[in-house]
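Below are two complexes that have chain A in common, paired first with chain B and then with chain C.
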Partner chain A sequence: MSDRRLLASFDCEEDLLAATTLLNSKGYRIVDAFTPYAVHGLDHAMGLKPSRLTWVCFVCGMVGALGMLWFEYWIGAISWPIDVGGKPWNSLPSNVPVAFETAVLLAGFGSVFALLGVSRLYPGKKVQPVLERVTDDRFVLVLDEADARFDMSQVEAMLKPFNLAALEERVVTTEGLQR
Partner chain B sequence: MAKSKKQRTTPVAPVQAADPLATLRPQLITGGKTPADVTRDICAPLDHSPGALWWSAFSVSMTALIVGTIAVTYQIATGIGTWGLNRTVGWAFDITNFVFWVGIGHAGTLISAVLFLFRQKWRTSVNRSAEAMTLIAVVCAGLFPVIHMGRPWLAFWMFPYPNTRGSLWVNFKSPLLWDVFAISTYLLISAVFWYVGLIPDLATIRDKSKPGWRRRITGFFSLGWNGSARTWHRYETVYMLLAGLATPLVFSVHTIVSMDFATAMIPGWHTTIFPPYFVAGAIFSGLAMVLTLMLIARKVMHLEDYITVLHIEAMCKLMLSMGCIVGLAYGTEFFIAAYSGNPYEQFVFLNRALGPFSWAYWTMVSCNVLIPQLLWLRSLRRNFAFVFLISIVVNIGMWFERFVIIVTSLHRDFLPSSWASYVPTIVEVATLVGSFGLFFSCFLLFCRFMPVIAMAEVKGVLKSPQRDLKHDSARGDAA
Partner chain C sequence: MTPASAPFSTLSRRLALLAIVSAITLAIGAAISPVRTWSNLLIINFYLVTLGLGGALFIALTYVCNASWNVSFRRVPEALAVLLAPVGLGLLAVLALGREHYDWHPHGTGDAGTFWFKEMWCNSTFWFGRAAVYVSLWILLSRALVTVSRRQDNTGTLGLTIANKRLSALFLFVYAVTFSLASCDWLMLLEPLWFSTIWGVYNFAGMVQAVLATMIVLALVLRSRGPLRRIFTDDHLHDLGKLLLGFSCFWMYIWFSQYMLIWYTNIPEEASYFIPRMQGAWGPIMVVNIVLNWIAPFLFLLPRPCKRSESVMMKVAVIVLIGRWVDLYVMVFPTTMGDWPVFGLWELAGGCLLIGTFGWLFFRSFAKAAPVPSADPLLGESLHYHC
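After this line comes the complex of A and B, so read on.
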């Protein structure tokens, strides 16, 4: 990957989607796209794999459920057994509700923290948006100008039919994409 | 086609009839908004100081909150002997309020999670405020059991932690303990769901604000969100997971609340219908509260283009269907009591409808079942003043439902010599008033300082169906 990037801006999601699909099929390297809202189908257009965060959710949920079932069993049958309405020490049905709640709690928190971790989002993180309007109404496609055959005028001609709003080149630095 | 054209004698078949676009659904957001308009409109209230309407509503709610705070302080200092409870009616006002507020919260989760899974696009205009309502309502609900403890500073005893008494653990076989876990989980997951939905919008506000305290605060809480498609991709996955988790959670919460009653031996409580009955009732009352709040917020925050007649009508239809389920449950309870052949069960239900609390019972039936039937009429569903009135009526009815279930089942128990009545004291009424004060104060503050509409979600549903179809046909894959 080179340190030169081409930023193509669009005014609506349909243009971004169509442009992304075309460039991806032509073998251009799409680094990322920036959109004000989740554009459905953009992941396919960019060729992103399904997220594995679902597994984090599943594992956290299982840990919550099994951990709580064990804890309830240990409390009710081992640590301090108390006869409640003649139920068995290890009464599974009465242990299910709390185990379920713990599973949901851990699965929810686990997925969110995993999301924040994988996406490197944390409180107070300084960020320089690629474009001020990208969280408002602009859709930006970021291409890698890696290939020696990368022809700026050719790319521009390809993007023109998609109502290209702006095209600019940036350089990757430690502080992000600089002009 | 050419043949049929020749046979036609009059030049009918106007363009619209043949036009497939004419059969599409109307647009969700009116006023021809662009994404930039959405950002501007939703952020506008953050820049201006609120109007007279907001201030008057806020002062009324704060007054109610102060009244409630005084009442709670007094009853904690004196003891819960300040309530109207007696040996027969050991649960009444406090638990009624608890169940009422938990129920209010449920519609928020229904709108944010269940309707998300069902791909109901109209939810985007109301989900942010409905989720805020859930959070505030659950906080209001949680206060009541804590107050009921009498020594609220020992509330942490409800959690299983190693202690110097043995360790003496909590009783995991008690539904009251399940409730502790259910309500705490519900509060935490609702808060996370709400915050995750808020992150992109906080980033929008951050990028729009001038350097200053608002930019610093939104910059801190937006976690460095930059709108990257890779992040959106994961974000959507997690949002779906949270919706998938919140859906069974919301059903479990009110199921467990109903088990607080259903696992007791009291006739009128000890029934298997309670979980679905309570869940339907909870969503019913919550939808009424969402409607009340939305109709107010729409006017006060000038959101007429975002919360349209379409949204109100959709919520009215949901409310009507829930009301019918609740009505069916009322009928089923009577049928099962009659059919069971259990004289105690039969007595409780006859006593509900004809006994000293029959006024409460019939208030409940008329507010929850009879009056909402008017929503079958389309013209009334589209009349905002009428819908507002209905939403208040349902709120009252659902409060009485919990009161009826709790008090009428208790006040005449197995032994006629211990029969008693119940009248709430001024302290209890003031506590209820205070909880409404807390609820509305928090909601008004939310309207003032937060984006009341999920901008990043509304922008996604802006595009008209017409544009969608044209775009598809341009690509050549239209139906």
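After this line comes the complex of A and C, so read on.
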């Protein structure tokens, strides 16, 4: 991936969706898309892989359930056995509610923090929108000017039929995409 | 006959034949082993009534929360709700025939209890009168919901949607009270000395799970054979799958809530229900029950692609529907038939009667109206639904 980006702006979601589908099928590298609201079907048009967040959630849930079952067993049967109604020390049914709650807790926290971590959202992070208007009425597609055969005029001609509103080049820096 | 029914006339005829053959088999069963046959009939009729009631519940719930996603296949739960009239009357007949199984004073043990309210509540005449009231209310309200929706096909009036919304709220209130009482009256009262306050919720969970699985099977059949092609989409299937996953977990949650409290306190009058079902020959069936109703749907329905796959969803729905029968079997048979699980010709005939009657009645009632509520103001939204 090079550090040169092409920003294509559109005025409505249908144009963005159609342009994204076309560029993706032609093999252009789509880095990201910025829209004022969630556009249905955009992930599919961009050719994004299914989210791996579900696996994080599943693994965290399993760790929570199994870890808590083991911990409860250790407390009740090994470390400090207490006779409750004459039940055996290792009574599984009494361990299930807490194991369930822990599974939900860890699955929830795990997913949220994994999402925040992967998207680098942390307290105090400065907002760096590619264009101010993506928070209002603009739909922006970010392309990677990757290889030698990337031809600016060709891309522009290809995007024209989709009511292209603006085309702009940017460079990747630590401060975000700069002019 | 409307075009919608044409591809199903052969299937309907076969299902009707299956129902007749199994009904004759069960009639022979009634002569040879009356209690066992009656237990089978109770399971079948309760199963069918909860499917009809579940259809009405699904319609009512989606109306009151202003949902649009389900509109394109709403004729499926509507056809289920129409089923309530014949199967409701069937259930009343079965209850009338089996009044001695709900005997509050079996074998003359008049000292079983003296609490005046229970004396009054478990009185046989009052018990049957209540059942008749519950069933008539359900038939009346679900009929009204379906009639209003069908009338909209011709007029397209928005007022009819609003009318159904009001009716749905009324139905939900009536349903919540009566179904909880009914499940206690018809299933829990088989053991009049045992009680569980979560019984109504437990049956509600099983009912919703079964009706979701039924709608998945029916919608997929109707999609592959015509009427709902390109109308029932993978997105609708995905959402039904999410609901089925959720309600499978809910069923397990409620099942365990009932079990754990009884296990913890370990009082003889409460534990009397679980001892024959957990210890001894019924134990493995209880495990099968949990595998079919929770473990299998939970593991199969977690991944997203599974919920959008026709073949996976069909299999999971069938597993859940078998699980629902097993769940009712474990509720009824240990009480009426004793400590040993019995499974043979009469149970198979019962299952066939269930499938035959249900399929035959369903395709008949589905053909009575247009397969899609074409004039519903929310239909367009539903057809373009994306989840």
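Going forward, the second predicted complex is superposed on the first by the 178 of 179 C-alpha atoms of A that agree within 3 Å, B and C clash if a C-alpha of one lies under 4 Å from a C-alpha of the other, contacts with A are read in each partner's own complex, and residues count from 1 in each chain.
Note that contacts are C-beta pairs under 8 Å (C-beta built on N, C-alpha and C of every residue); 3 or more make two chains touch, one makes a residue touch a chain.
Only a predicted model underlies this, so the values are computations on that prediction, with no experimental measurement involved.
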| item | value |
| --- | --- |
| Fit-or-clash call for chain B and chain C when the two complexes are aligned on chain A | clash |
| Which of chain B and chain C A:Leu53 touches, first, second, both or neither | first |
| Which of chain B and chain C A:Lys125 touches, first, second, both or neither | first |
| First (chain B), second (chain C), both or neither touched by A:Asp32 | first |
| First (chain B), second (chain C), both or neither touched by A:Leu116 | first |
| Touched partner set for A:Gly41, first chain B, second chain C, both or neither | second |
| Partner chain in contact with A:Glu168 - chain B first, chain C second, else both or neither | neither |
| Residue contacts on chain A - larger count, chain B or chain C | B |
| Which superposed partner A:Asp136 touches (first chain B, second chain C, both, neither) | first |
| Colliding stretch - chain C into chain B, listed as 167-175, 203-211 or 365-373 | 167-175 |
| Doubly contacted residues of chain A, that is, touched by chain B and again by chain C | 40, 50, 54, 85, 94, 97 |
| Residues of chain C defined as touching chain A within the complex | 256, 259-260, 263-266, 302-305, 386 |
| Residues of chain A touching chain B in the complex | 12-14, 18, 32-40, 42-43, 46, 48, 50-51, 53-54, 57, 61, 71-72, 75-76, 79-80, 82, 84-85, 87, 91, 94-95, 97-98, 100-102, 104-105, 107-109, 111-112, 114-116, 118-127, 129-130, 132-137 |
| Chain B to chain A touching residues, read off their complex | 34-36, 39, 160, 166-169, 171-175, 177-178, 181-182, 184-185, 188-189, 192-193, 196, 199-200, 203-204, 206-208, 219-221, 223-238, 241-242, 245-246, 248-249, 252, 256, 259, 455-457, 459-460, 463, 467, 471, 475 |
| Chain C contact footprint on chain A (complex, rising order) | 40-41, 50, 54, 58, 85, 93-94, 96-97 |
